[in-house]
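Consider the two complexes below, in which chain A is the common component and chain B and chain C are the respective partners.
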Partner chain A sequence: MSLIQEARAREGMLAQPGTAPQPAAWSVTEQPWAWAVAALLLIMPLIANGFFLIEIFGTTLILGTIALSLMFLAGYGGMVSLMQLTIAGFAGYMVAVFGVSGNANISLGWPWWLATPTALVLAVLFGTLGGALAVRTEGIYTIMITLAIGAAFYYFTNQNWAIFNGHTGINTIATPHFIGIDWRSDIAFYYLTLAVAVACYGVVLYLSRAPFGLALQGVRDNPRRMAALGFNVNAHRIAAYAFAALIAGLGGVLQVWNYRQISPGSVAVERCIDILIVAVVGGVTRPVGAYIGAFIFVMLRTFALDFLVKVGLDGNRFRLLIGLGFLAIVFWSSDGVIGLYERWRKRGQHRDTRPGGHGHG
Partner chain B sequence: MSRFIERQPIWSLVILLAIALFTWLIFAVWPPGLEDAIGRKKVFLSAVFNGITLGGLYFLVASGFTLIFGLMRNVNLAHGSLYLFGGYVGYGISAATGSWILAFVVAFVVVAAIGILLQFLVFRRMEGQDLRQTMVTIGLSIVFADLMLWAFGGDFYQIQTPAWLIGPVQLPLMTAMKSSGEAVFLQYPLVRLVIFCGSVVIGVLMWLALNRTRVGMIVRAGVDDREILAATGVHIQLVFVLVFALGAGLAGIAGVVGGTFQSISPGEDTRFLLASLVVVIVGGMGSIPGAALGALIIGLAEQLGSVYIPTYAIVVTFLIMVLVLALRPQGLLARR
Partner chain C sequence: MDRVADRLSALGSTAALELRGVTRMFGALAALTDITITVRPGERRAVLGSNGAGKTTLFNCVTGDFLPTSGTIRFFGEDITAFPPHERIRRGLRRTYQISALFLGLSVRDNVYLACRGVSRARFSMLRPRANDALMQATERLIEAVHLTSVRERFVSELAHGQQRQLEIALALAGAPRFILFDEPAAGLSPTERRELVEILTALPAHIGYIIIEHDMDVALRVVESVTMMHNGRIFKEGAPHEIESDPEVQELYLGGGHE
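For the complex of A and B:
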């Protein structure tokens, strides 16, 4: 847990000077960047066309939401789970199995308002059971067990034809139409993903200060002390897994509506690790890190090919670039891009305050 | 052993009965009713042998993994990449020189050298930071996978089995009785048996080295408490490098073995990483006998599963892992 604790400690040091003007944290003057981004996201359909709107921003929001579930577990619970994408993929598969799709022999053909909640409930169940397994051991073992769960699910979808239709997967999955709107049309779908992402982000922010979130952070920092105080450590951890599974499941449902198909490739081990990369690159101490990481990842994935060709390299080396970038982040900034930004801001503050301090002295 | 029976009489009985049933299934001539119910004995015996030999391969991969984990608390998620790279190196050598034995030697040395470099350049800098080391191994596995895809492409490679190992051998195990009363014996590929014996020998050597030599004593002491070991004046960095080299080299050898009896291609790294994870979780983390037991169980479960319940085979493997985690979270043979 050193990675997170280290970053926490640094954040704690950062927070001390700025504790006085707490009430103004949400005002425009305190957080101009946050408000600018929020406004930009709201009017995005006016600026971006279909490709950018869905392929870049829509995908970023979906990926970010799945990564947010990992951020919640890793940042507040100290549990690095590699199965979050598996849960998302499971939710996607369940939408395909219970809902309407091109594979009539598999899909049950339920309407979306029945299939989607069922998928979410099953995803939460899956995540809770996986979590209950993972909390049997501690720390570093969590990664091993959740990775084993993710990989086992991938191989299972590959070899099972009765439910998951083997390696071809399930295609032409129906997307919801209601109140006269096709929710898969570009602008409607963008606002749908935005709404889900904002809701998840808000709930995670709220939970981080709610009694449950605080107890979870206590469990992360010192499970034995929390147990001695009368908290049920494992129950808190499993509850965290369940909540994270709900977020991941929402992301998975959106993802399957976005691509309209799902196959074992969507839940491959590489994809699971991508989610870890997104969360770590963004920074796991703040919920917003997941979305920043997702944006960087999607931009790289979309434009790396053109960029690599332009500088005279083989365009297929996208994953090499991602891997090296991830290594660099793990090596130099334990808190991802957020950590880098905060270090940079701190340096700026030092430059501002130091002359003043000298003047007084 | 006797203490285990004293403490867990019911479990001992269950295990004993299971072993007895299994032995009977292997050696007895099956009555007709049984053949009708679960198919021919030949299919069952082949699956069992495939499972045991696959277990040998899994043991080679997982023993390196568990050794590294036990001593350094480093969950080396790049272990699958080392396996795959060993396979490619072995293929290159055997294609160039035609020598199968040389392929093993070179694969061991080259992959062990990579292990030394990794320990020296990367992991030594972040000692004691488990999570960060694991993250780094994830990053490395991505980089390695892409570099290997770049260098070797997406093709399947198979390492040529040497001429003296080609062909089946007859085992003294009856698969059926002909109507004339003549017994039919099981035919099994020689190369898989030889490789299995090889992995047993390696396992026994490792056990001896760990339990009967001074270096082994140091390594075992390091597994228990590395700070105290370092405090007694042992040059622990050297021990780390040695163990990492051995673990990586074993993965390299396993790559050659895997390339001989299956094939090597991108994606195999993940498959064998999963196998080592499950084997180590089942057997007990950091324990060599645990890795052997886990490898045997998982190999058998995988092969028997793929014969009798083909579309749910992986679930059997997974259920075994779940069962072990539920009943004995530290693994079957771990101490603690």
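For the complex of A and C:
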């Protein structure tokens, strides 16, 4: 994906001569304010009410985790997959089908500790098979084929009644209770989503410097050279799809526990594109971008309607606001909010190091 | 049975690289016609010829980027004609590119580390390497060998052209190469950098053979013991450097036409 290479190259050019840049080392530990965010997230239940805890922060963490799976594929592997939400939705459906729900004729009634791993394994299988199809293509054709998989799955869920219960979907899905805690109660569920999101984020960050992740970045920059170094490029790409499917699947399981129901609307094509918007708005070159994008998206989705009504416009136009925000960010930065932040930080550094510079009196 | 036969012929064969009747068509255009070459282990050979003579296509057929339309390619006796590129590399074949093919979004060290990892096991390892990891040490040694230690943390996109060419060579030296294809390694280098390149090539262990495509005769003829001249996708002449240099037909073709 040339867009990412360009963004990287520009980053490189902006770096000051004489200071060694640290490739992909941008992590929580380097950023003092990131500790503040981490602390804030930990004590959030003390500050926020149930609505904010689940509808804003819980939803952000779930959406961000699904977008993180796209970030992993696009940012490190150069593969833009539009089927990540489909994989998440598939995992959600499988939780409903194997677990306990209001549709007793469909659900098998397995306990959550059996149904959830089964759903994740099947989601990884789904992602691996989809990936095996997608890696035969490059660039825009990868987007097309993954979008086709997403659209096909949406129509299939609509029309299949035996497993997916058609357009009504599956309702009142049971959520886990163990060690005496109802994990769907607001505070417990918030910490569950936070734990899953932090784990996924940490693993992706760690993998970016491990041979598997480095090789994926090599495949992104120059697949032909990777083959000439002894790597089986397509096998690496498929493995990346499998890993991304696990992350998307985890997000999907949390999603279905959050809403306790799933229907074709949850896996519609617009939802798939939402994930792309989240990832691009946040910035696909760094894992944290997925969560930043998700936060912006959820805030807009939740409050744009009220805002529009307040200024005397039709509240149903809130998607217009999201679209305009998306356009603005992409217009000013090829790497989303992360790109804007990096540029602002570099400019700050530049001013600081300029000899006899103004601004510091 | 076939595998056993392959092994036996590998034992009997002495050629590092053996091409038999290799032809490559692009549509109706024959980029290579009936190429037959045998290179001994440790032999160092130049492939010369004007632009469009088929030199790089020859490399691409050997590395598997293109499959030959007909003919067979053997590497240390093993028939690799239909192998995918990575399988050939894992058997000790290496190549460099005329236009540097590096990983611009990664640091110099990551580039070299990937090259070392590509020809070893655990390519899919999900554990970060430690600093005292054997491959990390091999990486540092290789960076030192091509004089890039001072810029090893830099993004490749920030390197000067000459440094990128040095890195290009480093990637081909990772692991245990048995035979290397150098595609115009001196392209765009300054006279000083060319001298360094000749040093690097002549300092390679004696068991490593190579084929070098090079327009600069001063570089090419100083680092090889045999020369193959190509013209219009065919082998035109083979011989020792001094024979080729003094051959009137070669001078007519190579220095007279097409080459500025």
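In this section, the second predicted complex is superposed on the first by the 335 of 361 C-alpha atoms of A that agree within 3 Å, B and C clash if a C-alpha of one lies under 4 Å from a C-alpha of the other, contacts with A are read in each partner's own complex, and residues count from 1 in each chain.
Following the convention adopted for this analysis, a residue touches a chain if its C-beta (ideal position, glycine included) is under 8 Å from a C-beta of that chain, and two chains touch if they have at least 3 such contacts.
This one's a predicted model, so the numbers in the text were calculated from it and none came from an experiment.
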| item | value |
| --- | --- |
| Touching partner for A:L214 - first (chain B), second (chain C), both, neither | second |
| Which partner reaches more residues of chain A (counting touched residues only), chain B or chain C | B |
| Touched partner set for A:R286, first chain B, second chain C, both or neither | neither |
| A:R271 touches, of chain B and chain C: first, second, both or neither? | neither |
| Touching partner for A:G230 - first (chain B), second (chain C), both, neither | second |
| Shared chain A contacts, counted only where both chain B and chain C touch the same residue | 4 |
| Residues of chain A touching chain B in the complex | 1-4, 80, 133, 136-137, 139-141, 143-145, 147-149, 151-152, 155-156, 159-162, 268-270, 273, 276-277, 280, 314, 316-317, 319-320, 322-324, 326-327, 330-331, 334 |
| Residues of chain B that touch chain A when the two form their complex | 73, 75, 77, 128-132, 134-136, 138-140, 142-143, 145-147, 150, 270-271, 273-274, 277-278, 280-281, 285, 310-315, 317-318, 321-322, 325-326, 329-330 |
| Residues of chain C that touch chain A when the two form their complex | 63-65, 84-86, 89-90, 94-95, 97, 101-107, 110, 113-115, 117-119, 122-129, 153-155, 157-158, 171, 174-175 |
| Residue ranges of chain A in contact with chain C within the complex | 4-5, 8-9, 12-13, 15, 20-23, 206-207, 209-212, 214-215, 217-218, 220-222, 224-233, 236, 239 |
